[in-house]
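One chain, chain A, appears in both complexes that follow, with chain B as partner in the first and chain C in the second.
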Partner chain A sequence: MSQIAAAPSTGANRAAQLAALEFAQKKPRSLWQDALRKLMRNRLAVIGLVITGLLIFTAIAGDWIAPYPYTRQDLLRTAEGPTWDHLLGTDEVGRDLLSRIIGGARTATLVAFISTFFSVVIGMVMGIIASYGGRWANLLVTRLIDITMSIPTVLLAAMIAATFKPLILNQAKALYATTGWAALKNTGWLELLIVFGGLSVVFWPVFARLIRGQILSLREKEFIEAARAVGVPEWLIALRYLIPNAIGPVIVYMTFTLSSGMVLESSLSYLGIGVMPPQASWGNMIQSNIGSWSYRPWLVAVPAATLAIATLGVNFLGDGLNDALNPQSQTSKVV
Partner chain B sequence: MLPFSRWGYLVVAIVAAIVLAVAVACQSAPAAPQVTERVVTQVVEKVVEKVVQQTVVVEKLVEKPVLITPTPAPTQAGADMAADQTIHYVTRGFSRLDPASEGGFGRFIISHLWMPLFLRDNKNNLQPWLATGYQANADGTVYTVSINPKAVWSDGSPVTAQEAKDYWTYGLDPDQCKGCYLGAFGGMELVKGAKDVIAGKSKDLTGVVVKDQKTLEFQLTGPDPIFINRLALFDTGFAKMEDVKKGPNFASDGSARVNGPFMVKIWDLDKKQYEIVQNPKWWGDKKPAITRIVAQEAADENVSFIQWQNNEVDVALWLSNIRERIRKDQANTFFNIPYATNLYFPLWLSQAPMDDLNVRKALVHAVDWDKAIAAAWEGARNDRVMKTILTPELQCYKKDNWPGWGYDPAKAKQELAASKYGSPDKLGKIRITTGGQSPNYIRTAEIMAEQWKTNLGITDVEIKPGTLDAWGQDAQSVQVRRQSQGAILPDALSLIGSHYNTYTDATSGSGLKDDELGKMIDTLRSMKRDDPKFCEQIQQAEAKLLGNYYLLPMIWDVYEYNAKPWVKNFNANVDNNWYTLLDIYLAKH
Partner chain C sequence: MFKYLTGRFILAIPTLLAVMLIVFTLTYISPFDPVKLMLLQNEVRQQDDPELIARIRRQYGYDQPYVTQFVNYITRTVQGNWGISINGQRDILKAVMATLPISAQLGLAAALITALIGIPLGALAALKQNSWLDYFIVGGTLVLRTIPVYVMGPLMLILFVLVLHWMKVPRGWNGLFNSQTTLPIIILTFGPLAVVVRQTRQAVLEVFSQDYVRTAKAKGLSTYATLVRHILRNALIPVVTALGFITEGLIASSVFLDNIFAIPGFGSLSENAFRQLDYPVILGITLVSSILIILTNTLVDLIYPFLDPRVTLES
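And then the complex of A and B:
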């Protein structure tokens, strides 16, 4: 003890004082600023962010950046390797592979965002009901979560596609017949919405469980007790304190849902219950060429690699967000 | 109406019989089927015997030299024989073994387990198999077939005519034989009483009469000059009913009795084990050299291709374009299965806008089929674009017998404009089902849709890969449905008639109507196939049928076996059957 006390020199004391002064003069950072700073110092997360950003940009600007319309065929140039005309080559019916990949990015991103958005909304509502609705509401929601999670994901998604889609499409058809609304003439977009919006039925339970757990935990914290003690109404406590504090893990899980949504879209399209040809989907592209993987490998490898990179990128971002938003994370050291 | 007098027939018959007998006797190859020689003798005897009693029978026997034409002499197995005579065979998948339910991949062997009465060679000539010969009456309504007196089951019991009748009655009855094709393939429904059995109204196949233990008489509802050819179909082999009653997988454990040269050791769909061995009680004179066939499934043909390249398999049957890689440098390993098939998209004429002939014509003429098929089938079917129903394999095939067929976008536009719909936006949604997940079908549909868009301005087209069920409640409104037809019986009229019957059948809902064509086909049914006017008339019928533009063409598919060069004497017939199996041997390699 005496050795330690003797060790600091006068210079070190001055440095510590300066640092303390500097700290005192600094503007205090919010949790989010701190998280962003941590995120940007995580190399893998930055790579993930770039990939995700690129994916979103491609999805939005696809029509402008694609060299050709993704359905245009050139039957005299089928299954060609990369050339200056077609940087990734052409597919089995002479469509530009790069344009198909870009078209597929739009499908994947759209599906991922639609399914994640609905999952979060449903999950949050159910989570709040479970945590605030009393014993019976809690019991009902948690059992519903258990049941939903016990059904295989792909099977559930396929069931939704097979059962609900025809019903809704028939309603849309009837509506078109009576109203003549142009938006209902071609129901392709509606099919996409049903099938992939249906994926939210698969994903919501995780969000509901996450929100419920967070709220139940936060409700016992001192700052919530304090708010309650000064008479803040419960709904305001939920809105002002609970949800913002619970949102961190939800954001982290959203990224994982995004990547799961992409993979599931590809899986369903691969199985023939997702996106229908000639629409572009990475899963479709893999499916239609899987039989020729040994002699036209690039037709499978390009969409598969794109899917892998996109999924990996979004997952990197998710991991980085987890590290940034969760101070207790074991992996919060900057890579 | 006979062209010769009775004595004329006698002379012709005797001369023909002597010539044939001499020809057979002069066959130097001892491996020529001995059973054939015996048939010759019997036929000669019958000719002499029947000529005296009934001139017509002699005519039939003489007119059917197919029964006594020996197959070309195979290479003799000798010093080059390998020590292990096991064939390793790979294909995509198998289903249960039962002649009446056989619909696909068991065809390679089923006729060597449970023998049909006759067997076809690669040129569709009939050879004696379980039966030694037949007789027919003058108008082709009664056929009498003799089962080989030496035929026994693998338990040693004799093969009887009654067993054949019992099995066929079972095979036709949909209540007993689930998932069976005997009533659908080949024309057993022509036998008296068969339609009632198929409809569940009767349990007695009255048209099959057991004359004695080894003789069957077939009484038909009408004349059928090619009925005997129907008795060479793989589905007409028969198993013992005691075995069949054990259940649909009665042949899986190897206990089922057979009457052919081979028997099942194991055929287990769950364990994926398939093995065929020699029947120790095989009664034929010629003994097979092959001792064992080990079959295996490979759902991914890329995998079986690697096995082939590594010489892990001797024989393979692929359905995808994977075989095109072999064709380049191993062309001598291909053995064509002379099976005439049509793969196409029939149009549902009962659904708008396909009810208008001009729309249908426009849809056909707006697609460059040669390029479409080349792309969709990766160049492997360039010379097999379905430009007619009859394929080059069939009698009476006439090139370009589809009136007005061809790619002509300008004409297509005019036709669409001349239709009652007038313009593409009035057509409504065109729905296409690919009838399966085959990439080739999906690609063809995608190309059609794109060319309709480019050439006709049609944009409202929806494609769903998979079966019709994928459309759910919209299934009945699908106007373009991928289907196929094949000449299981290698007969031009059968294929044309099958198209006509399928798409005029009210229950199918496809809505084709052409009564005049129906009359033409009815007239053709009783015509002899060697009638000089037969081909001319069937070509007229084909042109009339195609003039309805009731389908969008795809291809005449090609099926082939690949056998390694050391598999000697390999060949396949229209049934996918290794009909030369008794002559096949593996050479040292």
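And then the complex of A and C:
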């Protein structure tokens, strides 16, 4: 509103003034409604939204929409091209490729959401400790962020997963031998758990740094100072003013972390330390067939293209959210 | 100047030590037992002899407390004794030194090409801000960046070899200036290209709104001359700042790239180490990567004041 009041009332921009007046008379829209409108006007973001929605739907409904169980082999029909009963063909040991792609979507989405959730929680706690815990806490957390960030993401995640995987799997095996719990027999979910852990460790610093920066810059703003001056307690300021103002960038970062999570899960599985066959992951599907790309190209191309489309879709959504929620920021959060 | 240089490098040491602590702790708790490995490698008969194991453990200090072992690890690393790989029993430092130059050549070539393409593209995007060309450049490079290397590699191979028949299967390493390196270098540039384009575009837009650019235009300088003489010089600063980030991206890309193209580089060493859970090698490559990133960041801090005189060396 301040811009309208400040506009000089010369005849030249009367049209603008009229438009502004019309704008002012309309029912005020909330920040979120405004953001939603902007998001829906962005064509790429809508495409991204559709892809992300499809991905989540596939992850939830995977078992019902997949034509076959993704671990079922038909050894008489290995590495076939697309046919009517196997729409995308079969893989090197005769599993239905479409069902494996759907299974991979579940793995990727699950890992992406859970590791993003964990890293946001850890990052938020660390960010709050850094900004409210005094000088030493701030120094400690910022150093920890710097150190974690000076090890390449893939290497750190791979290293954590490689270290803990044999440990946890051996423990589970020992526990299974003594207790006989059926849950420990299938180690697929343990592999997932290890990937969640590795990814959370590499993702939290981004959130901690972001939240710390947001709190530090917002605390100096006039409206926070005004609230403090009239005696609003510090926790209420945090709840009422800091969190609502800081949430936009956090949501944007979460979207980008979702797509990085999917890529990293595939990368770890590609390196053989994430999700292993017969569990389905796009990364291990690419890996199992990369040696034979020249005579069975579709077994590499299909999971590769799926991974590319999924990450691009989520990133488009993130970019759209960035434009919608942080109109002032010019920088993209992807790079 | 010299004092500043040493100061900068001393500042990097705590970070490096912390990285080593993390890496060491991870191996310390991992199920990897160096003593059993040693017995296996030397083909000792009594592999399970507890007395022998205990003696070797004592001799090499593996029975010492955690802190002592960490200090020993640092001493050994500084002395150049990085251990021997489980698979193939190669000296790790030698393996790193043999593979790193290959990856460094590829990485530098990719970085150079990225700068040569990325900076003009970024400037062009800024000049045509919010046009379809701008969206195409920024969006296109972003698409290339988002797609992982192990997806791009096989897809490009399928496209160029199987569909278009433009080339034979490019495999192996016969020096940098060889047609085999074309595809790997192109794929390596995809990662940092988007970063350079975005940074340049952003910087050019920012500089455009400065008074001295308006002055340059007002005195009749052409857009091209303004761009080269006044804008690009200032726009380079943020690109240089992103160098550490770019280095990290190149290292990560090479991990997945090398084996696809059968390049005996640092990435190939890393990928095989992870695949075989070769902990001593994993330790070594993580350490080398972190050293490279920390060095690049220190270097950026050093050249920053020369690009931007407002930043003084001492601050």
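Definition applied: the second predicted complex is superposed on the first by the 277 of 335 C-alpha atoms of A that agree within 3 Å, B and C clash if a C-alpha of one lies under 4 Å from a C-alpha of the other, contacts with A are read in each partner's own complex, and residues count from 1 in each chain.
Here, a contact is a pair of C-beta atoms (placed from the backbone, for glycine too) under 8 Å apart; a residue touches a chain by one contact, two chains touch by 3 or more.
Note that the structure is a prediction, hence the values are computed from the model and not measured.
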Checklist entry - In the superposed arrangement, which partner chain does A:Ala301 touch: chain B (first), chain C (second), both, or neither? => result second
Checklist entry - Looking at the overlay, what does A:Asn315 touch: chain B (first), chain C (second), both, or neither? => result second
Next on the checklist: Tell me the contact category for A:Asn170 with respect to chain B and chain C: first, second, both or neither.
Outcome noted: both
Checklist entry - Which partner does A:Ser288 reach: the first (chain B), the second (chain C), both, or neither? => result first
Next on the checklist: Of the two partners chain B and chain C, which one touches more residues belonging to chain A?
Outcome noted: C
Item to check | Which of chain B and chain C A:Ala162 touches, first, second, both or neither | outcome: both
Checklist entry - A:Ile151 contacts which: chain B (first), chain C (second), both, neither? => result second
Next on the checklist: Per the contact definition in the header, classify A:Gln33: touching chain B only (first), chain C only (second), both, or neither.
Outcome noted: neither
Next on the checklist: Quick one: is A:Gly272 in contact with chain B, with chain C, with both, or with neither? Answer first, second, both or neither.
Outcome noted: both
Next on the checklist: Taking the superposition on A as described, I'd like to know which of chain B and chain C A:Thr179 touches: first, second, both or neither.
Outcome noted: neither
Item to check | Those residues of chain A which chain B touches in one complex and chain C touches in the other | outcome: 162, 166, 170, 272-273, 287, 293-294
Next on the checklist: Show me the residue ranges of chain B that touch chain A in the complex, using the header's touch definition.
Outcome noted: 300-302, 305-306, 320-322, 325, 368, 371-372, 374-376, 378, 437, 439, 442-443, 445-447, 449-450, 460, 462-466, 470, 472-474
Checklist outcome for this item: Residue positions on chain A within touch of chain C in the complex are 44, 143, 146-147, 150-156, 158-160, 162-163, 166-167, 170, 259, 263, 266-267, 270-273, 283, 286-287, 290, 293-294, 297, 300-301, 304-305, 307-308, 311-312, 315, 319, 330-332, 334-335
Checklist outcome for this item: Listed in rising order, chain A residues that touch chain B in their complex are 71-73, 75-76, 78-79, 92-94, 162, 165-166, 169-170, 185-186, 188, 272-273, 276-278, 287-289, 291-295
Item to check | chain C to chain A touching residues, read off their complex | outcome: 14-15, 18-19, 22-23, 26-27, 29-31, 139, 142-143, 145-148, 150-151, 154-155, 157-158, 161-162, 169, 194-195, 198-199, 202, 205, 242, 245, 248, 251-252, 255-256, 260, 270-271, 274-275, 277, 279, 282, 285-286, 289-290, 293-294, 297
